Structure formats: C-alpha cells, structure tokens
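Going in written order, the chains are labelled A, B, C and D, and every chain counts its residues from 1.
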Amino acid sequence: MNTQVSLDLDVMLETQGLCKYWGGLKALDNISLQFYDKQLHGIVGPNGAGKSTLLNMLCGHYKPTQGSILHKGAAIEAIKSYAFARRGIGRSFQKTNIYPGATCLENCCVAVQRRMGGNFNFLRSRYTQKVLDEIATEALEKVGLGHRRNEVASHISYGEQRQLEIAMVLATSPEVLLLDEPMAGMGHEESQLIIELLKKLRREYCIVLVEHDMDAVFELSDQLTVMVDGQHLTTGSVDRVRDDPRVKEAYLGQGDEVF
Amino acid sequence: MLKFNTLRTAVAASLATLTLSAPVLASQDSIKVGVMLPFSGVYGALGDATRNGMKMALQENAAQLHGRKIEYIEIDTEARPERAPEIASSLLSNSEADFIIGPVHSGVAMGMLKVLRGKDTVMIVPNAGAGPVTGPLCSPNVFRTSFSSWQPSYPMGKVALDKGYKKVVTMSWNYGMGKESLDAFEESFTAGGGEVVKKILVPFPKTEFQAYLSEIASINPDAVFVFFAGGGAVKFVKDYDALGLKGKIPLLGSGFLTEGTLEAQGNSAEGILTTLHYADTLDNDLNNKFRASYKEQFGKSSDIYAVQGYDTGLMIASAVNELKGDISDQKALIKALETTTVNSPRGDFTFSAAHNPVQNIYLRTVENGENKVLEIASPALADPGRGCKL
Amino acid sequence: MLFNKRTERYFIWVFFPLALLMPLFLAENTFFVSKLTSVMIFALFVMSLDYLVGRCGLITLGHAMFYGLGGYLFWMIAPEYEAVNFWVYTFYICTIAAAVALVIGFLVLRTSGIYMIMITLAFAQMAFYFFSDSIEFGGNDGLFIYVKPETSIFGLSFFDLDNPIHFYYLCLLSLFNTLVFFRVLIRSRFGRVVDAINENPGRTTALGYNIFMYRLMSYVIASALGAYAGYLFTLQYGFVNPSMMAWTTSGSALVMSILGGMGSIYGAILGTFAYEGLHYLLEHLTEYWMLFMGILIIAMVMIFKNGIAGYMEKLLEKRI
Amino acid sequence: MDTSLFLVQLINGLQYGLLLFLIASGLTLVFGVMGILNLAHGSMYMVGAYLAWYFVEHTGSFALSAIISAVIALIIGVVVERTLIRQLYRRNHLDQVLLTIGMIFVFNALQSLLWGNDPLGVAVPAALSSAVPLTDVLEYPVYRIFVALLCIAIAVVMYFMINKTRLGMLIRAGESNREMVECLGIDIRQLYTIVFAIGVMLAAVAGVVAAPMSSIVPGMGEHILITCFVVVVIGGMGSIKGAFVAALLVGLVDTFASVLVPQMSSMMIYIVMAFILLIKPQGLFSS
C-alpha cells in the first residue's frame, strides 16, 4: 500500500522494492520510498526495524539483496560505496565516526579535500590551500564549532563530536544528508542545539533522519516513515502518522520503550 | 615512575650509539683467529664440532706457536648468507684477524669470499664444499681443509660400476653442494658406462621425501645415489627404510649421509655405502688418539666436522711454527701453508694448487652404528680445480 | 614546517651531523664504516616498511620480497662487465619494482588485517622459493655481482662506489632523502588522505574516497623504496642471496620498526640502530644471544610499545 | 604416472595432509576463538618432538613419553597464556606477531641450551614397526597408517567436542561474541586459557607423533609453521573444518607437485593459496 503523499517537489532519492536479507533473516523487506529535495524525511520504528540497514544501503555501505536505489532518476545501487559520496550523498553515523586524533579543522579538511582535488599530489603541503581551510571552517561554523577548530577531536565533548560529525558531512557539499541518530546519547540541551541546526539545514538539503527521540522527529519532519520488523508500515505527514492506529499498535506491541 | 621512564629512555637512546663503541682491544702479541661458524639453528651442531676440533688442535700444539697466544673472535653466522659479507668484513677490518675460519654453509662461503678474496688475512674453510671456493673463485689467501663437493662423490661412480650397477637414480637438495655432488658422481659413473636414469632435486630445505621415494620405487633402479646432510640425512635414511626401499635398492651416498647422524638414524642406516675423506673408525694412531682426547675433553664423540676443525688448527700451528711465530709477511705465510703436510686423523694430506686438500677418499659402510672403512676408494684424490688460475 | 615534532628535529640535528662527521673519526676503521653503511641501508628499508605499516595501517610480512628483488633486478638488468650508471639503474630498479608492486598490491590489498599479513607472506615465500630453486639465479647460494656502477650526473661524479667512505655518504644521503621524502609525502594532501584512511577507513570511504587507490599507491611507493634499499645492499658487497627475501628479514624489520616507534618514520632509523647495536653486542657477548634477543622483543611488546620515538616524544613534546 | 604410483602418491599426500591438519588445527583453534595469531606455534611442534625424544631416552616407552609430553605442553600453554598472551587480547595483530616472534627466539635458544644442536631421532615403537607391502619395492609402514588414523581420530574428537559439548558450545560462542559468553556467567579468560593450552598441546602432540618418522633438528618448527599458515589461511582462519580440507589439499598439492612439477614444487602451495585467496579472500570456510 502506498501512502506516499504527492508533493510538487523534486524527488532526490528513491528506493524501489528494496530488500536486504542476512542469510534467512529479512532485515529489510520490499521498501519503496521517495525522498524529496529540501525536505526532512524522518524514519522511526522500534529497535530492529531496519532503519539503520536502510540508511546503510542508501549510502552504499551495504548492497541490497533486491530492489534498486535511484538518485535523481539514475540507478546507483550497483556503484561502489565511495561513489555514493561523490554523487553528493553524505552520511553521519550512529556511533561517533570521526578522526579522533586530528583537529576538528583537519577532520573537515579531509572531507572538503575530496572535492577540491589534488589528492594524488605527493609533494604540495596539505596546509597550503586557503580555500580548503575556508570551506572547512565554514562547515564548522555552520554547526557552531567554529571556536573549536584547532582542538583535537578526541578532546572535545561528546555532543560536540556529534556536531563535528555533521560538519564533516556538510563539508563534502552534499545534496543528500543521511543522519543516523544524530542525537543519540545526548543531553537535552545538546539535543536542542542539533534540532536548531537541523531546522536551519532542512530547507537546504534533502535530509533523511533516523532518530529515536520522537519529540525531535515530530518537530522536524516534513515526511515521516514508520518501519516495523523490516517492513514499511506507513509514510505521511507527522500528524497523519501520529494518529495512525497501526502505528500505535506497533509501538504498543513493543512496550513503551520508544515513546 | 618518571625516573624509571627517564632511565628507560636513556638506555634506549644510548643503544643507538652502541655500535660506535669499539669492542675489546686486542693485545698485539696474540694471533687473532676469527671464527665464522653457525652456532645456532640447523647447522649449529656442525659449527660446535668444528670449533671444538680447532681449539683442541691449537691447544695440543701450543708449543709450535712460539709463545704467541691465540685469541678467538667467534661470531654466529646463523647460516645466513646475507649476513656473511658484513661479519667477514667485521673480522677483517675491525678485529684485524690473522686467520678467518669459516664457514659450514656454502652460501655463507660465497658471501665471505666476496669480502675476503685477496685481502690481508687468511681464510680457511673448514667445511663448506662449494666448488668455486677452490675453483673459479680461488685466491692465494683462501684455503680449505675439508673437501670440494666433487671429491667425496666422484669415486662413488667407480664403486657403483664395480658393484655392477648400471641404472642409478640420483637425488639431493637443490643447492650448490648437492648439485655438485650429483654431477661429480655422474661424471665418473657415466664415463664408465653407467646411466643416471633420473636426477631428483628436492627444494632446500624440504624434508618431505615420501613422494620422491615412491617415484624411485616405481622406477626401480639398480641403486640410488644421494647427497643429504644433517637433519635431512636422518629423515631421508629413515624414510628410505620405512617405505621398504632399503634392502631392495642399494643406497649409496656422499659420506655426509651418515656423518653425525647415525645415532638418530638407528637401524635404518645399516648397510649404506658412502665415500668420504674420513671415517670415525679409521684405524691409525692419530685418529685413535684424536677420538679419545676429543671424547675426554668435550664429553661426546668426535665427527668429521671436528676432524676438519682439528686439521684447520693443525695447519695454522704448523705454519706458525715454520715461520717461527712471525706471520706478518702474508706471502711467506701463504707459502708455509701451501707446503704444509697436515698429519691428520684422516691420513696425511697436502694442498693442491687451488688450496684444496689432496686426500684419500674412503669407501665406508655402516655397521653396528659405525662407519666402517672397507677400502680406499681413491688414494690422494685431487680436485681438478676447474677454473682456478693459481 | 616539514618536521613538525620537536623530537624529530632534535633527532635530525643530532643524528645527521654525527653521521656526516663519523668517517672522519673512523676512516681507518673500514669495518665500522661499512657496518654503519649496512645499518643505514637497512634503516632505509625499515623506513619504507614503517610508512606502510605505521602510516598506512597495512601490515605486511612480505616486504623483504622487494628488498631481495632490488638486488636480483640489478643482477638481471645490468650487463655483466660494463660499467653502468648508478642513477639510471636506480630509476630502472625502482620503476620495475613499482610495477611489480602494482600488480601484487592490486591482489593483496583486496584483503585486510590478518589475511593481508598472510597473503603478503605467501607472495614473499613464492618469490623466495622462485629464486632459491632456480639455477639461473644462483639458487640457494646466491650470486656475485661484479659490476660497480659509476655515479656521474652530466659528467660529474661525486661518489666512487669502490671507496667505502664514498658509499657510506651515498647511503647517508639516500637515507636523509628518504626521510625527507616521506615527510613531504605525509605532509602532502595525499598524506592527509592516507592518515585519514589509517585512522578511520570506513569514514574515509563514506566521505567519497576510493581508499584502495591510496593504499595501492602507498604500497607501490614503499615497495619501490624497499627495492632501492635492496639495491644498495647488493652494491655494498656485490652479493645477492635469496635469504634477503626470507620472512625472517621481514620479521626483524617489523621488530625494528616497532622498536623505533611505529609510524614515526624517523623512528625507523632509531629502531634499526638500536636493534642492530643490541644484536652486535649480544652476539659478541654470548652464544645464546637469541635468548636475550627474544626476551628483549617480548619485553618491548609488553612495556615499550610506543618505541623509542614514542618515549622520546613523551619527554620532549609539549603537552597540549 | 601409472595408476599404482598415482594411488601411492595419493596415500602419501593424504598422510602428509593429515599430519599438517594436526599441527594446523591448534593454530586455527586459537585464532578462531581468541583472535590470536601465534607464530610460536611451530616452536611448540618442535618442543613436542624434543620432549618425546627426551622421555623416550629416559623411560624407553613411547606411549608414556607421549603422555608426559602432552601434559608438559598443556602446562607450557597455560603458563604462556597467563603470563604473556593474556596481555595481548586488546592489541592489534602486529603486536601479536612481534610477541610470538620473540617467543620463537626464546624457544629456539632454550632448545639449543637444553638439548644441543645435533639431529636426533626417535625409534618407531616396536608394536607399530611393521610394514604393509604396496608394490614390489614399496612398503607402507604401519606407524604412518597409525598416525593417519590418529589424526582422523583427533579430527573427529574435535568435531564432537566443538559441536556437542559444553566447552565446544562456549568455544563457538566465544568465536562470535565475547560479551555473550561473559553474560552466561563464564569467565572468558578461563576459556581462553583452556583453548590456548589445547592449541599448544595439539602442536606438541603433532611433534610427538611426527618424531619417529622425522628428524628432530633445530629450526624444525619454523619450516612447518609457514606451511601450517598456508593451511589455516586456505581453510579460513578459525575454521577447524576448513583446516581439515585445506590440510588435505596442501598435502596433495605438495606431494603431486614434487613429482609432476619439481621445478616449482615449493612455490606450488603458495600459488594455490594466493589463487584461493583471490577468489575467496577469507579462505574456503570462513565464518
């Protein structure tokens, strides 16, 4: 059943009948979704619903068992994982995934440099290109880490590391942002920072947000998808989904650990 | 804790400069003998025996040294050829050794030669049989007290023919010494009308012989001639017996097959015919005396390697004696060494123009766990020294 | 700044001037000159391994293959008695070794971790047995090389390779150049990606890098320099032997690299000198040097895991 | 090659393969459960052979020596695990490689100190010293058949132990998930000690049974070690089943290569290994 709301917007990313099996286990079963440009698409569901698996396939980390992924209409499920990022699909990770030994600026520089070229330049110093630093700094400032740019990443707070994570994605100048629980493990105030940030970003990028913090998702999402046990349950506006009896049932069945 | 760390760092840092601090300064009076033998690993036992023999000879003949003491500088070559040039040059220039004794392993010999040929020291090879040492690469200052790999194997060809063997399979490890041994056997064997039906070269140091032995069994030749030494020889002889070839196809070998390995080989070795320039049971006064005092001094039986070491010692002693203790003139020293007749437990021997021993080769058979001499297979056999221009 | 660590600058200021002046004191002791030369050559080899293992996170137990290859290549391509040009042959050997590394790297870099250790070992063993079992290449006994190249550039010759002191300086220069080269490489934008891959390969892929290409390139560079070290070794004594390729050569190079401080590049020099120094000392002291060497290696892994460079840095670097 | 020779070589290959399995099984077990790459595994094989020789010299009974040697090997395993290996679980493979290289040095030095460098041999036990005739010339020694059967028996025992017993269950659990084992209230460190000791014992037992049909020499461990690596890697690291299949494969390849392509015979197993890893980078039976 397709409950996709038709909107007059560009489809940025699309999945068609996406499946992922781990041996006999169906981690993801026949998922067809559309993600629109300059919209924030929330994905929720109980643990083990397949949200992270979906995200991992959208960024090319896993290859789907069946089905296809379309980016601006082109099938991309078969291309190499790094090529996803080159097409402008950037992602952040559920577990903090940064270069802990490098400075925040350096972290972002790695991200910027991919696009700037010169990666096989063996001789020229990495510190000589001003433009690169500027774009990296810009990304840091966007997430509010400008003042931390010369700190070593492992020395900043956990919340700031999560912000850095997003800054790195932004530094790649993506069109699509895949965010895997950016608020996981954060205190209320830190979460608030991220929410504010996402509010700023959601009219600039196509964002896919997987998140357990329901209040945040309800607050941010333009579209909301609920997944249960690897299956697509429903997709629609926040209000519609919230009132959907099947959603309530699905979550009640799971106890109340999520809400 | 900080103090400890500092200490550790200091130690570590000083290690970097350790190579620069020259070791023991030697006294001017002593004759310096550099010893490059393997004391660890597969060849360790050979290195030990050689060293023991040499020291024993120099001790027994201390009177010939005209009051000069011997100073040994011993370095483990680990039988690693790539280290040989470095160690050799250490002994040559750093220790300024008058004599450099070594090695066991032919690859190491090649590495040593590279550095020592024509230099101001005398290199004496107490084992390695590599042909080139007293062949194309011969040099006035390089001597050998052992054998060339050609020597012990060549006479076996004739022995095999005398026994009436026509078709023989030869087998050894695929390295210089092995190949030279097989070639020497083939040379005399085919010259007399014999035929080598198959030549098997086993990658060194592989000891899985079963597949090859099965193949030999299927060929069923009149006899098998092999070159193996040390652990490989033990394994080969045991496999030869275990797979039932023993007693059906006679086994001939270069003498190393049954040197220093008889105890480990046990009954399997009984009856093997080998040719070599020595046998433990050689019945002459020198040998009996040598064996008795070696056993007394080191608590174990002597072997061929000990004899070769012993002869090296004898040779040094006699040259020093002839020069009245003054070995500073290299030409004179070489002259003295060249003309020495070494009264060895293996029987007297002299040196060929290429500085290889001219010696008797004995035909031996294993009986009751001993190499028993049957006859002299080839008296005063000299290596042809092919390619040597001395 | 090229050498961004104070420790490294100190080290360079102490080591290279000392090494430059050394022959003045030791000129008559040719052994120490040639011993130092061979340690420096091996340090160059360890340095290339250190880059691979410490900076790129590619643990190989087969690097010695290229060390030996450098030697054998020279024997293969150099005419037997004609004088050849050192620089030209350096270029040839590095290029051929790089080409070989490109093919082998393409195969081995598909694996990672323990499998990469094993498959590099497999290739090295293959090469070892290839040379050890072939009569044409001198087999197990190795080969002599009678040619000594001349070193003129545009008719100007600075080094006479028959002179140990000259050869010493050539090796010192090579070592210094290699150190600088790796520093430049690490500081470059390529180096940034390599660092990123080493620290977090998954993240780097997610940022859009094809990490395979960077690893392959690093492997090729390190292998070519490893071959260069083997070429120098062969020139020093005019001797090449399959044991240069044995896995124990790779193993001891790894030990030296760790002892010096993995990934620090200059630590390779420290580690090689320390290890060779200890080895030299122990083998002159006792026949059972192996026992002490083994205990030292174990102790090093247990308590000295940052290596000499690591501990020096702990003392000398400002805390952030 | 005629049929009878082919069959004989087949037996040779299988027998060599089975012995390889015995040595490699300990290596793969330790790696699979503990993630430890033990380069000193070959040294344990050497220690087993030397112990067998030593006790045969002193007791005269091969069976008794085998048992004593196995027990000593177990003790060595426990001690080494407790004092050294235990420090390495959280370290990378590189540190393991280095530590165990250090151990090779130490074991080699101890061997040289304790037993000297002469090649040694152990006589085949009298009860097994007869032979079965195969062809006119060739016989097959009963002892080798016995060893082959013993290797199969050990393989079967290992199979049952891993699949049917509680220890085996823990081993399998430990392979996939350390935390899970700890949740079951098992001290994983005890499990590791046991597994490592068993691994050492298997290597030593292989050394013991190989002693009468080989020569006991210094450095015998290193040569076999590299071959075992090939076996373990082809089989898939940690897979006992894989080690079994790979050991037979390597045994056969090596045997037939010796006869058919003597020029390349020692390269052959490495070529096979590289080839297999290129198709299946994790080996044949990786989990």
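Here is the rule we go by: a contact is a pair of C-beta atoms (placed from the backbone, for glycine too) under 8 Å apart; a residue touches a chain by one contact, two chains touch by 3 or more.
This is a predicted model, so every value here is computed, not measured.
Trainee: For the chain pairs A-C and B-D, which is connected through the larger number of C-beta pairs in contact?
Mentor: B-D
Trainee: Quick check for the class: compute each chain's Cα centroid; which one is farthest from the centroid of chain A?
Mentor: Farthest by centroid: B.
Trainee: For chain B and chain C, what's the span in angstrom between their mean Cα positions?
Mentor: About 35 Å separates the centre of chain B from that of chain C.
Trainee: Could you state the distance in Å from the CA-based centre of chain A to that of chain C?
Mentor: Chain A and chain C have C-alpha centres separated by 43 Å.
Trainee: Nearest whole angstrom, what separates the Cα centre of chain A from the Cα centre of chain D?
Mentor: 49
Trainee: If you look at chain B, which of its residues touch at least two other chains?
Mentor: Only 39-40, 203 qualify.
Trainee: Two or more other chains in contact with one residue: find those residues in chain C.
Mentor: 129, 132-133, 290
Trainee: Using the contact rule from the top, write out all pairs of chains that touch.
Mentor: All touching pairs, sorted by chain label, are A-C, B-C, B-D, C-D.
Trainee: Can you list the chain C residues touching chain B in their complex?
Mentor: Touch list, chain C to chain B: 22, 29-32, 34-36, 38-39, 129, 132-133, 135, 139-142, 144, 233, 236-239, 241, 243-244, 249, 270, 273-274, 276-278, 280-281, 283-284, 287, 289-290, 304, 308, 311-312, 314-315.
Trainee: Across the complex, what residues on chain A touch chain C?
Mentor: Listed in rising order, the residues are 59, 61, 80-86, 90-91, 93, 97-102, 106, 109-111, 113-115, 118-127, 129, 152, 155, 168, 172.
Trainee: Spell out the part of chain D that touches chain C in their complex, as residue ranges.
Mentor: Those in contact with chain C are residues 31, 37, 84, 87-88, 91-95, 97-99, 101-110, 112-113, 226, 229-230, 233, 237, 263-264, 266-267, 270-271, 273-274, 277-278, 281-283.
Trainee: Can you list the residues on chain B that touch chain C in the complex?
Mentor: Interface residues on the chain B side: 5-6, 8-9, 12-13, 15-20, 22-23, 39-40, 74-76, 80-82, 84-86, 89-90, 92-95, 106-107, 110-111, 114-115, 130, 137, 173-176, 179, 203-204.
Trainee: Which part of chain B faces chain D closely enough to touch in the complex?
Mentor: 39-45, 47-48, 200-203, 205-208, 210-215, 217-218, 220, 230-235, 238-239, 242-245, 248-249, 260-261, 263-267
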